[in-house]
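Encoded as structure tokens, the structure appears first; notes follow it.
When the chains are written out, they are named A, B, C and D in that same order, and each has its own residue count from 1.
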Amino acid sequence: MEAFSDGVMAIAITLLVIEIRLPESQDDLLKQLLGLWPSYLAYLGSFATIGVIWLTHHAFFARIRQVNGPLQVGNLLVLLCVAFLPFPTTVLAHHLEDGGRNAGVATAFYFLTAAVQAGAWVVMWSAVRRDPTLLRPGYPATVARTETRQAAIGFVALAAIAVIGLFVPIAALTFYLVAVVGYALPAMAWPRHTRSRAGRASD
Amino acid sequence: MEAFSDGVMAIAITLLVIEIRLPESQDDLLKQLLGLWPSYLAYLGSFATIGVIWLTHHAFFARIRQVNGPLQVGNLLVLLCVAFLPFPTTVLAHHLEDGGRNAGVATAFYFLTAAVQAGAWVVMWSAVRRDPTLLRPGYPATVARTETRQAAIGFVALAAIAVIGLFVPIAALTFYLVAVVGYALPAMAWPRHTRSRAGRASD
Amino acid sequence: MEAFSDGVMAIAITLLVIEIRLPESQDDLLKQLLGLWPSYLAYLGSFATIGVIWLTHHAFFARIRQVNGPLQVGNLLVLLCVAFLPFPTTVLAHHLEDGGRNAGVATAFYFLTAAVQAGAWVVMWSAVRRDPTLLRPGYPATVARTETRQAAIGFVALAAIAVIGLFVPIAALTFYLVAVVGYALPAMAWPRHTRSRAGRASD
Amino acid sequence: MEAFSDGVMAIAITLLVIEIRLPESQDDLLKQLLGLWPSYLAYLGSFATIGVIWLTHHAFFARIRQVNGPLQVGNLLVLLCVAFLPFPTTVLAHHLEDGGRNAGVATAFYFLTAAVQAGAWVVMWSAVRRDPTLLRPGYPATVARTETRQAAIGFVALAAIAVIGLFVPIAALTFYLVAVVGYALPAMAWPRHTRSRAGRASD
């Protein structure tokens, strides 16, 4: 299950680039390359999004001892959204500059996909809360309650960003960028000296 | 063999999305996105199909101790069909709305691919039935007989859906959807508390 | 090295399908699908080719205990050709029906790629012949001599098929098909009861 | 982390080929195939580049015992550049023949991507220099200082090639080719008889 999930995420993150294409144009190449800035932004954003999902996925399965039905359904829903993400990424890259209603629709479509993905984590952590024997020994049952609440906050936040994005795309994108950086940086930039976890991570 | 098969299935399931494209159009983006509903349906259907094949594949090799010639040929035939599936998926997505004969041909083409894949499992389980020493200890030889019959039913059902689809695409697609959900849900939604199997799955 | 090689081969075999596309056409869909027969043939041929390379690759590394410089160069050359194969496959699929000089050029281009790949195995087995300590214990040094000769025959045969294909494409393709089936079938269709090898293959 | 990185690199190296396409043309096929020489060169160059990054990646993690925040950020930056590389490769392949300013811009864009990737290794080795306990036992702390300097030289060299490429593309490409071959050949062409390292590599 985890090797398959890793494979799907590695492929989705690498497929993002094949939608970046130079337009048919007589312009100077430099101007064409600079004109693709929405594609670069969308590439960076989706790379970061899948990166965060990958970290979340590993942090989840590192604490899980057993997989039951709801976990399998939830995991497949995550993969469905991750594998689908290159499409809303392209739509966003191509229509952000349209402005007006189209930019809003493209932004809302992107964050709707992200919100469905976040909803899958609510499903999965709720299943663990209902049956704490799914946790590996050493993790208290309260972990599941805390994480379910966290996942629900993520889901509500992304759904709210989707609604905001429909009307003010730039506000939604800025807010999301801040949130991803705020989520990822503390997890990354702090040196980890606890040997057992780092040893596992470096394998 | 299993790592390679897993890789092919992970890639095929992720490649499905790159055939979803916005048409060249002056329409409002929302209208364009909604107009792609056959592509979303086809994406979901093929994601579910490859997901079920992946589950079947793992359930098979979890019971097999040895691989012989017919198993290798059968496994390659499964992978050939899985890797090919993005093409009939695209054909179905683009021609379902044509209606008439084209919709029928697209539907039949899709289920023909699925039926050939199902046929490979008949080949593989028959090989196990002929030589039950291929099974891991603890699995009785009768497993192979039951599973061969199951696989044959799957093959006949998919071939029948292909024929029905040629004439009444919507009936074939509805029937298939019900069958996939009916197959996948019991396998997924039931909590599994048998520790050894779940422990293996969570690795 | 082996996981990376497996990944490249799994991806290349799955990417073959994305070059199969329906032409822009007003024809009946059935006629369009049937008209793609050269694409189906090319897909099958390249799937079989990569499948055989994958078997060869595993059979090689199963006998190798150590990797030295020439083996790394040779292995990279194999991967370079495998990853490149989708391009000559597409060229062949699109130009076989042109007939005349174009069909010949497309056929020669395809088998030239296959021949370069075969040449890499000559490099690799020659390196093993020069330094038999690279072999795992239990394999006599004469294995390297036999296999170098086999690889050289494969290289010469594919180069000859490329030359023949330039003038009589259909003869080259028929001959290759027979050769692949003749190579793959005995390796596959014979039941393998030697437990240690089969056990390893089923892991 | 390493399996995911391996996956991204294997996919990026295999995706390079799907941007090689025959132009719409009435020319003889042989002429068309020969006319794609910049695409073949770019394919070879990017294959070699990702190959070298893969070797660097494995040589790095073979010496690392623990992963901390900066290493995770650095590794993600490497993967971001590797996954992005197919785009500058295509830009270079399609615009090298334009000559003049466009060829320069395409060349600079390519080496800018390579330089950012090289910069990630400076970040990573500096982090190891600041905290030598990240190294596996047996590697002296001086390794980190030497490697940081090496990585910095690589970064400066690639940035310089990007600047030179803006004005004299052919000089930059020639210099890079010599540098890659000069870097890769000694690492590859020397037989390695130290058993422990080779044994690890062949697993």
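FYI, contacts are C-beta pairs under 8 Å (C-beta built on N, C-alpha and C of every residue); 3 or more make two chains touch, one makes a residue touch a chain.
Everything numeric in this text was worked out from a predicted model, so none of it was measured.
A.B. asks: Would you kindly give the rotation angle relating chain C to chain D, two copies of one sequence, based on a CA superposition and rounded to a multiple of 5 degrees?
C.D. replies: 90
A.B. asks: Which integer distance in Å separates the CA centroid of chain B from that of chain C?
C.D. replies: 27
A.B. asks: Taking the mean of the C-alpha atoms as each chain's centre, how many Å separate chain A from chain C?
C.D. replies: That gives a centre separation of 38 Å.
A.B. asks: Pull out every residue in chain A that's touching 2 or more other chains.
C.D. replies: Those would be 3, 7, 11, 15, 18.
A.B. asks: Counting only chain pairs that touch, give me the topology of the graph as line, ring, star, complete or other.
C.D. replies: ring
A.B. asks: Can you check the complex and tell me which residues of chain D touch chain A?
C.D. replies: 1-4, 7-8, 11-12, 15, 18-19, 61, 64-70, 72-73, 76, 79-80, 83-84, 86-87, 91, 94-95, 98, 101-102, 105-106, 109, 131, 133
A.B. asks: Would you mind writing out the residues of chain B in touch with chain A in their complex?
C.D. replies: 3, 6-7, 9-11, 13-18, 20, 22, 28-30, 33, 43-44, 47, 51, 54, 187-193, 195, 198-199, 201-203
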